[in-house]
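Heads up, there are several structures right after this.
Heads up, the next two complexes both have subunit A, just with different partners, subunit B and then subunit C.
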Partner chain A sequence: MHLDAGQKIRTDPWFLTGAALLGLLFCLAVFGPVLMPWDPYDTSFIPLDPPSARHWLGINDGGMDIFAELLSGLRHTLIFGLTAASAGLVLGSVTGLFAAWQGGWVDQILMRLADIVLAIPSVMILILLAAFFQPPPWVLALTLAALTWPTTARGIRAQALTLKHGLHIQAARHMGGSSRYIIFRHLMPELFPLYLINFAAKLRMAVFMEASLAFLGLFDPSLKSLGLMISFALKYYYMDIWAHWLMPPVLLLSFLIMGTTFVTISLERVFDPRLKSAL
Partner chain B sequence: MRITIKKLTVQYTEDDHSLLALDRVNLTLAPGRITALVGESGSGKTTLGKAIMGLLPDNAKVKGEIFLDQDNLLAFDEARMTPIRWAKAAMVFQNGAANLNPVHRLKHQVAEPLIQRGTPKKQALELAETRLKAMGLARELADRYPHELSGGQVQRGLLAMGLILDPPLLILDEPTAALDAVTKSFVADVIQQCRAQNKSILLITHDLDLAGALADDIAVLYLGQVMEHLPGRDLLEHPAHPYTLALARAFPTMDAVRDLGGIRGDAFYRMVHAHAADNGHTHVHTHVAAPDAFHQGGHAPPEGCLFQPRCTQAIPACSLGSVAMEITPEGDHRVRCLRGGIAQALHFEQVTKSYGKITALYPTDLTLMAGEVFCLVGETGSGKTTLAMIAAGAVSPDQGTRFFQGRDMDLWMKKDAAALASRIGIIYQNPAESVSHRLTVFEIVAEPLRIHNTVRDESALADRVKAALSDVHLSCAPEFLKRYPHELNMGAIQRVCLARALVHEPDLLVADEPTSALDPSVQAKVLKMLLTLQIEKGVTLLFVTHNIGLARKVADRIGVMSGGRIIETGPAARIINHPAHEYTRTLIRSAQGLIRPRAPVSSSV
Partner chain C sequence: MHASDRHTWLTPVLAYLAAALILAFLSHSLPRMLPGDFVTAMYGASDVTLTPQQAADLRALYQDDSGFMAFLGRVFCLDWGYSYAFLAPVSALFFDALPWTLVLMGTAHVLSSILGFVLGVEAAWRRGTRTEKAGVGLMTVLEGIPELCSGVLLLLVFALNLGWFPAAGAQTAYADYTFLQQAADRLHHLALPLTTLVLAYFPGNFLLARAGMVMVMKSPFVLTARAKGLPPIRVRYAHAARNALLPLVTRFGLRFAFMITGALVVETLFSYPGLGTLLFNAIAMRDLPLIQGIVLAASIMVLGINLALEFVYILLDPRVAHAS
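== the complex of A and B ==
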């Protein structure tokens, strides 16, 4: 049960590896720009200067310190990912819970809506949106959330429906508990593992999506982001820059995605009984 | 000879306080009828007998009237009473041997009333011997001294003595208390012969079987008040007062199949005392229980029904004013109960329920009386759980009306569902699933209190939870309160569920197969606890089980269900011993393990 789950996850190597990776990256993103002596927007250095003791990863074509840019990019990518994941999770959870609790036609309408949204290719929408309107990243993050909530909503709804008919929740109803009481006291806390799993999955997806959009050059080039860095670095692929310019953002992005993937896998394995039996 | 007792009040004074033994008792003893007085010890039964005989001690203050035909016996002095005793009215006392003189032979003592009234000694002794012989005491027994006789023999000797002058009024105080079953039925025959001789008989007894079998009328005494007058045949089957029901339930009749249950709480003597109140008046009043101390002032006399603190159906109005005897709707009982006798806890009229095309419950009527244990028995899929959940307010019926405590449940639910829910506790078949695995034992039991916001103070809440846990014999240690359900065994979880169901002091407890997940030894413990709590809390219990053997040990009444219908309802003893419906018989037979024998295999060997 839940205590076992807590115990189990603390000793799961997948979770530990993923959490360590994510923890490291979050620390870099939070504290890195503070500790870094160079301003990532400062263009006063010699363009394309190779790495040195002063500039560990050298200078890019715009005359900016690559290491400073890398940390700033990581931070922005993470902010984008967290925004999209949180918004998507909240939207999806609330919709799913509401649909499950109300049932009937409310449930029907919301779930058909989810089906429709699910059928829309989110990459296409984001590419079109970014290309035509050049909105700030947070608008893109929220749009991404608005397009990805159905998966969460479905998962939460399914679990909430099971729980709703569970005996202990029925018991609380029979005791005279109001809907509000049961949702806040029983349903929402019990769905906690699902929030975690969904959040981690959405974070991974959003980070990847951000990198893709930036790589395609659909982001404002004056911003900082791991995807943009890769995109810029690739313009100079004929020069000897891959080790200090191309690789670092690729590696960070890979670690970020690996970390979230590991955590998601571990959480699903521990909390989802169907997967548990399959593995 | 007819005895009419009117508003008889007897108060014993001892030192600085007095005890009220009888409180305005009305009773009539008619020729050829046996009137039984039943009630717990201390209810004033013997005092009434002694009052008729004029044998009350000096510290007794008597008010009211006792008419022997036209004469008021209470106005008689000792000289006028003496000729009445033995000749017109005889009393056979309890504690046989203590009433005999140890230095005289039995037959001498039996003959004494005759000799005193001038019969020659020889003739008197002969008559005494004949009477003793009629009581089954042979000549050599009649010659013995009291200490050489057994309790039963002494009792029969005393009966012979009471009958020696052939009095028209006979008062029997616990005539069978010390007797074995065989002697008891002999004495019962003697009593019936006396009735046939047109004597008026007052039978004071604890033995409800005897009272029910012999008495024409019964008066149920509680703390000196008559609670119910009823015909003898109704005593065990159809009592109208909750106290009579409780007495009947506590008595071990041969028919009783369920485990015996006592009556919750204790009866005390009614203590009379006086004190000054704040308004300067002096209150003389009685307390059912001994008052905490000699309180000086402040409170008005306690009011209301005497039985109310122990009653299973008391409502707030029961503790106000005084309660008069009233005739029940059927007309043959008179009860002293504000609610007109045993009230209906639950009443269904033509309730139905179907799930899609499957009909779970065909139109069903059901009535649960307050404080009783009603068992629904039947195989799986017979609609037991559906009916129980409709009773619990957890499932809405398709048609029909249901009443809980006289109120339409569905209207009540619309108006204030939480208030209705707070009066009903439910125990589920699967204890482990009926509690949240995220909550600690404390939180599980506290949940109903939190939902209804009954206790706002956290420490008061903790007290309630701990009290509920100790009721079900679980630990109240902080470590235990912090345990999670998966750390407990099934029996303990079900007890936690029981504590949760009772913590809010509901009026109705619905238990759906509460012990089917438990092994027999744990089941026995949990059941025992459930029944004890049912009596202590005075809660009405609707018990659902597929096991008729279990129902037999639990139920006051049983309803047998099959195919969505109640096919038979009745007192547990009757259903078990004389099942009317074929299905019930099958159910009992299968429970006894008597499966239809297979046809003999035709062997070719």
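== the complex of A and C ==
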């Protein structure tokens, strides 16, 4: 079944488009700032200079090269998204697996805890934290992960419970396999599609959150970010800056969210129509 | 049977109650973990030098240390402190902004739910046709465009370039209008932020309704309904679509985090005088009591809405009430 799904995903046009978009943006974020001749924090250029051969997207109001800013912002947005998504995925998977495997009161307590955390609107906690303490982005990313693990934990737990009673797991148990062996050898690899779906969905959410909160002015204003760039550029909306200052971060952010959306939707569709709780 | 009935509604109620308490506790204790206090934060870096007496008076005005229970009591009495940027009680500011947000968010939700549901059901019914495929493709692309981006684009095209709609605000200030003119003016201001939000919510609803409907249409009971010779529209809505509604409601809670964040951004973008803009101004001026008040009150509202949805879900799906 997995082989079949693997084949299907490789020919799904949505998955291919999404993966291509994400791949391109990752390359831009990784190599862009290295290849860029200008430092995004260098303020020595002429403020509000229109695009030229030296500065492809012109200069912003603070005298910084917009193209260099854009690449640096993309990198920060992606780092935030990847940190929050991977931490949330690990936390959720471990909790879900542990709850399913232990069962009984451990399971009950963990799942009730998941209910509570799921009820808390994560934006609000992030806004409180960011407004009061102005922590570095990775703290906010980990906080977001600590608030979004329950969706993953629920999905993983449900699937692990079905697998736990499967014939092959029973067989492995009767052969004398330890819990550790069964979890690492059978359970964890079989949940692989769930990790992918959850990771993509969480990445999408985290990128969206980062851009929105940065736009609202809740992130460190000295750190470049796509949302922050949009918010700064909008202050000059009455000038001729739309094409080279406002549109580039808007488009990059759209492509980033689009890529993750396409990948999430096609993974969900291909792997299992019933696994819909992750988005 | 009776015990399991109670179990179905008791679990979410307890979970939401615990979440509300945690939120209240965080919004009580986080500001108190800061070094210094509101007064230091506000006057520490300014040119004004306070006499000890003034500092003590301000402290008495802005904060009190009578503990968490007293704080909870004041939350219930709508005594949420005093905003030092707007020089007004936080609750007054909150309730001034709330109606605008409710109008914007409420209309956006109703419109996008109805549109998404009906079109999703119809799309599933016409599965495989060219129109349907194009529709699903378009919706998937739209689902990938965040409010921040579609809002900026709408603002550019329809407000600044074409000038068809106002770019900011919720009504023309100080205009001498009759009731009808005022209503039209408010709708005119509402159009762009509303379109942005509908564009953000509607594709998700469409895709979910369609996916749910496609699954339901395979069930034997739909075949039975058709074989009985019922009119197609009755099969579609009374039999199939009712069951396709369930994933829409469950997902609503999960999508809520996206929705609130999006609404904050859209209100800020169009300077719509709702809670999002109020929060944005509070953040920009580091008005900590106001941020604290808005966050707590909005969170509790969100919890209430989600809890109500749990009950809607139980009503819609009798199986849940009788499960386990």
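To be clear about the criterion, the second predicted complex is superposed on the first by the 273 of 279 C-alpha atoms of A that agree within 3 Å, B and C clash if a C-alpha of one lies under 4 Å from a C-alpha of the other, contacts with A are read in each partner's own complex, and residues count from 1 in each chain.
The rule we apply is simple: a residue touches a chain if its C-beta (ideal position, glycine included) is under 8 Å from a C-beta of that chain, and two chains touch if they have at least 3 such contacts.
On a predicted model such as this, the values are computed, not experimentally measured, just so you know.
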{"item": "Three-chain arrangement built on subunit A, subunit B and subunit C clash or fit", "value": "fit"}
{"item": "Touched partner set for A:115, first subunit B, second subunit C, both or neither", "value": "second"}
{"item": "First, second, both or neither for A:262, with subunit B first and subunit C second", "value": "second"}
{"item": "Touched partner set for A:208, first subunit B, second subunit C, both or neither", "value": "second"}
{"item": "Touched partner set for A:86, first subunit B, second subunit C, both or neither", "value": "neither"}
{"item": "Touched subunit A residues, subunit B compared with subunit C", "value": "C"}
{"item": "Touched partner set for A:102, first subunit B, second subunit C, both or neither", "value": "neither"}
{"item": "Shortest span in Å between Cα atoms of subunit B and of subunit C, once chain A is used as the common reference", "value": "13"}
{"item": "Subunit B and subunit C contact sites that coincide on subunit A, given as residue numbers", "value": "none"}
{"item": "Interfacial residue positions of subunit C with respect to subunit A in the complex", "value": "11-12, 14-16, 18-19, 22-23, 26-27, 30-31, 33-34, 140-141, 143-149, 152-153, 155-156, 160, 207, 211, 215, 247, 250-251, 253-258, 260-262, 264-265, 268-269, 279-280, 283-284, 286, 288, 291-292, 295, 298-299, 302-303, 306"}
{"item": "Subunit B contact footprint on subunit A (complex, rising order)", "value": "1-3, 166-178, 181, 186, 189-190"}
{"item": "Subunit B - residues contacting subunit A, complex", "value": "392-394, 417-422, 424, 426, 428, 430, 433-438, 447-448, 451-452, 484, 486, 504"}
{"item": "Subunit C partner contacts - residues on subunit A that touch it in the complex", "value": "14, 112, 115-125, 127-129, 131-133, 148, 151, 205, 208-209, 211-213, 215-218, 227, 230, 234, 237, 242, 246, 250-251, 253-254, 257-262, 265, 273, 276-277, 279"}
